[in-house]
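First chain written, first letter: the chains are A, B, C, D, E and F, and each begins at residue 1.
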Amino acid sequence: MALDLAISTLLSPVVLFFVLGLAAALARSEMAIPEAFAKGIAIYLMMAIGLKGGVEMSKSGLGPDVLAVMAAGVALSFVLPIIAYVVLKATTRLNSTDAAAAAAHYGSISIVTFVAATQAVDLAGFESSGYLVAVAALMETPAIITALIIAGRGASKSASGAARPKGELFREVALNASVVVLVGALIIGWIAGPEKAAPLNPFFVAPLQGVLCLFLLDMGLAAGRGLRNGWRLMQPATVGFGIYMPLISAGAAALVCLALPISVGNAALLITLAASASYIAVPAAMRLALPKARPAIYLTLSLGVTFPFNLTFGIPLYIALAQWVAG
Amino acid sequence: MHEKRRLELIIERMALNRASHILEEAGVTGYTVLSAFAGFGGGSRWRRDGDLSHSQDMVVLIAICAQDKIDRALKDLHQLLDEQIGVLSVSAVEVLRPDRF
Amino acid sequence: MALDLAISTLLSPVVLFFVLGLAAALARSEMAIPEAFAKGIAIYLMMAIGLKGGVEMSKSGLGPDVLAVMAAGVALSFVLPIIAYVVLKATTRLNSTDAAAAAAHYGSISIVTFVAATQAVDLAGFESSGYLVAVAALMETPAIITALIIAGRGASKSASGAARPKGELFREVALNASVVVLVGALIIGWIAGPEKAAPLNPFFVAPLQGVLCLFLLDMGLAAGRGLRNGWRLMQPATVGFGIYMPLISAGAAALVCLALPISVGNAALLITLAASASYIAVPAAMRLALPKARPAIYLTLSLGVTFPFNLTFGIPLYIALAQWVAG
Amino acid sequence: MALDLAISTLLSPVVLFFVLGLAAALARSEMAIPEAFAKGIAIYLMMAIGLKGGVEMSKSGLGPDVLAVMAAGVALSFVLPIIAYVVLKATTRLNSTDAAAAAAHYGSISIVTFVAATQAVDLAGFESSGYLVAVAALMETPAIITALIIAGRGASKSASGAARPKGELFREVALNASVVVLVGALIIGWIAGPEKAAPLNPFFVAPLQGVLCLFLLDMGLAAGRGLRNGWRLMQPATVGFGIYMPLISAGAAALVCLALPISVGNAALLITLAASASYIAVPAAMRLALPKARPAIYLTLSLGVTFPFNLTFGIPLYIALAQWVAG
Amino acid sequence: MHEKRRLELIIERMALNRASHILEEAGVTGYTVLSAFAGFGGGSRWRRDGDLSHSQDMVVLIAICAQDKIDRALKDLHQLLDEQIGVLSVSAVEVLRPDRF
Amino acid sequence: MHEKRRLELIIERMALNRASHILEEAGVTGYTVLSAFAGFGGGSRWRRDGDLSHSQDMVVLIAICAQDKIDRALKDLHQLLDEQIGVLSVSAVEVLRPDRF
């Protein structure tokens, strides 16, 4: 069944559009989706996902079980970068700053991977809850803090930051567009509830799958261009990290699930969140906070290696894992 | 017309706030920022479109100002450019209302 | 019932997205909706609203009653800036140019407020007609002419305009995108009629409410940034104007309605149009024609004060007022 | 019936939005659809059309008949520029480069004209096949090669190209966004099939007609601005070419149809493709490859003359012609 | 190479048409306009994104031209800048084909 | 600060790749490209918005570099500008780290 799901995922239009973008970029096509349009679509996606989660939350509410899963998500986001950093330092020749920056990406999350997992969970016949969107939002930033602490230890004496007010840095990172829109839309969906949100469905629910195709085309283009620029910097060990790190994260999240009162569907999503890596919010935060880290490394890893791995092989695996540890 | 300086700072987008602070604190009275859409540096080309994180591109900050303000900002700009990607250049220009700058 | 409506409006997703944008901007989040995307959405909204009005007009046609309401709308747009100017000069310390510029905004209209009112009228169980969209379009520009005449009187001897051809100024103001698209789409909807316009519904009708959420998020961001920059220039008397001026305009429009053969729903919309203030077409026209007027004042007033007031408290009030004077 | 169809087309919202854009541009309105938004919409259209064709192809498959029509399309795209060039040199005073560049446009195709024809064919009660989208994609570029060969003959000794690597030129032309997205989406639709593509319909099928309105508004604006700049360069003979060349192409395609096992609907589409002229891919390729050719001439011809002619009078004619030669 | 002037006019978007007229009437043969996306002036920062009316932002007009054309435009530009927001600066540049400007 | 050159190439979008090649081959270590949104030349105005083919607009390439690199590129740039639409200008600037350029 996991294999069925994997093949079915591999041939889904969403994945195929990613492949199309990837192929076009690798063939050095000049095609591009304009930044302003892509940014608009990203905001749309955040709104749609946040609203959906919020509306579902308005039906079920916030019990102690929910809070426990949220806390687990935050904890994973804080802790995973430490594991990632240790692994990277042990297995690759990346310097401390590059390793810390890459580690931050793996503690944070990918919202597209999350959406794909939600649909796969659904297809596999399990149910998931809206509050996982809140968990996703909560997991976006803690990893960045961990990475900054790690980098601060490693590169202790670099005088960097002289002219950079810490408060402003924190605000820029914490109030980035992804988090603001995702959390905002979640709260709005929660307040509005299913009835008042219903008129929004023709815009935010029905077309979502199609919009994802457009966005994944853009992601494929970005991944392809990233690979073209970044492959020279990638040792095999670094590429390998992009594949086994999600598995390590998934394992850690699965262990956590054993201790949580969580359904199979929700466990699959929490595991996927842990296993996914950021390619929007964290890269931007790294340019702000760790400018010496090389984007060619962390972007190639998270967007060029881990994202496609998760989208195709990872998600079916995480669902299987969830069946094992939860329910 | 009166002689002033034109500071042109080509800098990565995510460092713009830091640059702004430095210039504002040095007393620069105004600047204008443009968004680059492509470039070349360190042996490879980049394009703004297709940068999902919208953080890898460069912006171009133009400030017409008096030399003393540049002098005051120079040390901090130098440090900024040690840490973040960018190119600073200064040239001579003539302006209409010298007291503005 | 007006209270019910007010609470229901306050918690509608559209209003909440405005609040989200406002909050994000006030918290100095860097999030922004790209200009090109926002402009595209604005054009979409004009097309959708125009088409809807035109299709409805194709069913009912243009009787003398309709022409009377149109004439009343134009007259209000011409006259309201005079009232606004007199009030501003009497109650605030704004100079003539600033007062004239602000006055222009209050004679013109806000199309989003209009749409929100259309939906509220509908919810309240009244019917409104498509030709009110034409009235909205007709009310966009006359106020600008009045304001220019007022400013010309006040600042008589300023040599401004030396290099500025008057004809071009008029063309730029009269053929601005809002008016062109709104009127154009109205005529197209009218010609096409319900049957031929039906295939457009999945794009222009069903998703409208969702697109409005996106647009109001942007409006909230703009309002918040405007408030942050503009509040230093705002006396309490000026802020007050942003709240009581719509009431004055509504009162004037209500008086006019007494003399018109107009239904409750249509009266509510005409009153709302009178009470609403422009924040797209008129600010642009003011930079062209009255560059000495300060945007920080008129934009903060119309977008930061009057728009949210109308959206939440104003509209229910205007519907109540309409029930009183019409039907 | 052809007349009925013509009138019905003339008053369809899509055509009327083109007229609106045209009128606004001719009246020198400053209104514009931002480039980033328009580009995004163009990519959306390519995806939607490609997917639709691919899904239909997944139902019928690729027989020898289909391959024959594809070969015929490619052949037409190669040959039509020769006819166009000879006609232009015989009837106008355009120099060889301008004539070759204009000829390239007429060998290539207009995807919007194709979509309009698909709908008209449908309305007229005929059926068309999805593989015609593949034919459209195949006809985009061969014309460019013919034109470059012609221009190379005419302007033999111009040393142009010194610094221009031929391989890169070819890649830029062959992998332009239109072709990549159209072909990619076609293959994706083909692989996915109707069932897996169904969730995309609310985004790619239902709103298509509405999005076309937005795009045709932009096309009208572009055509109007082009006419305003270009009319001074246009002799009557050149304008005439913009109207009779599509008829010549249609005639040539109709002759080819006589020899093909093709249905009336498909014949109408093949004839329309032959008769249509490019205004996106080919103009860009001409700036790359024939920079001395004047865009004011070829753009005015293809977008300002031929496109509106085809949209209104051409398509009904081509359907009539198809009934005559096929079925 | 030949010595010409580079005029750079940073001006609010809604005044661009007026500036264009002035330059065209002064005989400037060409100019190119860029759209700024952020800036600082009069003590406060602005950003283009989020300006609903699309009329509060600045554009940067670049014209390479001969000095005499600038001289001819200067009075009108001065008046324009009295009425609308903007900064004018002129610098020396070298060009390939002097007769073009 | 140290004296270098600022090359500004205003060129049609579709010729940017050719210009890039020329500069990269001449040894220019970096450049930044901005997209113009309007302009005037040959007696008529253009606007980027509304150009359906996205190929008729101009871009502005800025390269801070040493004079010898410009000298090396000049012949090819001259030929490029014979064939494609564009304007080249070079001016003097001061930079912080002269060895970069």
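A few comments on the model shown:
As a convention for this text, contacts are C-beta pairs under 8 Å (C-beta built on N, C-alpha and C of every residue); 3 or more make two chains touch, one makes a residue touch a chain.
As the structure is a prediction and not an experimental result, all values here were calculated from the model.
Under the contact definition, subunit A and subunit B share no contacting chain.
Using the contact threshold fixed earlier, the set of chains in contact with both subunit C and subunit E is empty. Across the assembly, the mean Cα position most removed from that of subunit D is the one of B. Both copies, subunit A and subunit D, contribute mostly unmatched positions to the interface they share, with under half of the numbers common to the two.
Separating the CA-averaged centres of subunit B and subunit F is a span of 19 Å.
Taking the mean of the C-alpha atoms as each chain's centre, subunit C and subunit D sit 41 Å apart.
Centres computed as Cα averages put subunit A at a distance of 44 Å from subunit E. Among all residues of subunit D, those that touch two or more other chains are 32-37, 39-40, 172, 202, 207. Across the assembly, subunit E contributes 34-35, 91-92 as residues in contact with two or more other chains.
Contact between chains, using the touch rule, shows up for A-B, A-C, A-D, B-E, B-F, C-D, C-E, D-F, E-F.
Interface of subunit F with subunit B (complex): residues 1, 4, 6, 16, 20, 23-24, 28-35, 59, 62, 64, 91-97, 100.
Contact residues of subunit C toward subunit D in the complex are 34-37, 39-40, 43-44, 47, 51, 171-172, 175-177, 180-181, 184-185, 187-189, 191-192, 196-197, 199-204, 207. Across the complex, subunit B meets subunit F through its residues 8, 10, 34-42, 45, 58, 60, 74, 77-78, 81, 87-92. On subunit A, the positions that touch subunit D within their shared complex are 11-13, 16-17, 20, 23-24, 27-37, 40-41, 202, 206-211, 213-214, 217. Against subunit B, the residues of subunit A that register as touching in their complex are 25, 32-35, 38-39, 42, 159-160, 162-165, 168, 172, 218-219, 221-222, 225, 229, 279-281, 283-284, 287-288, 291-292, 295, 299, 303.
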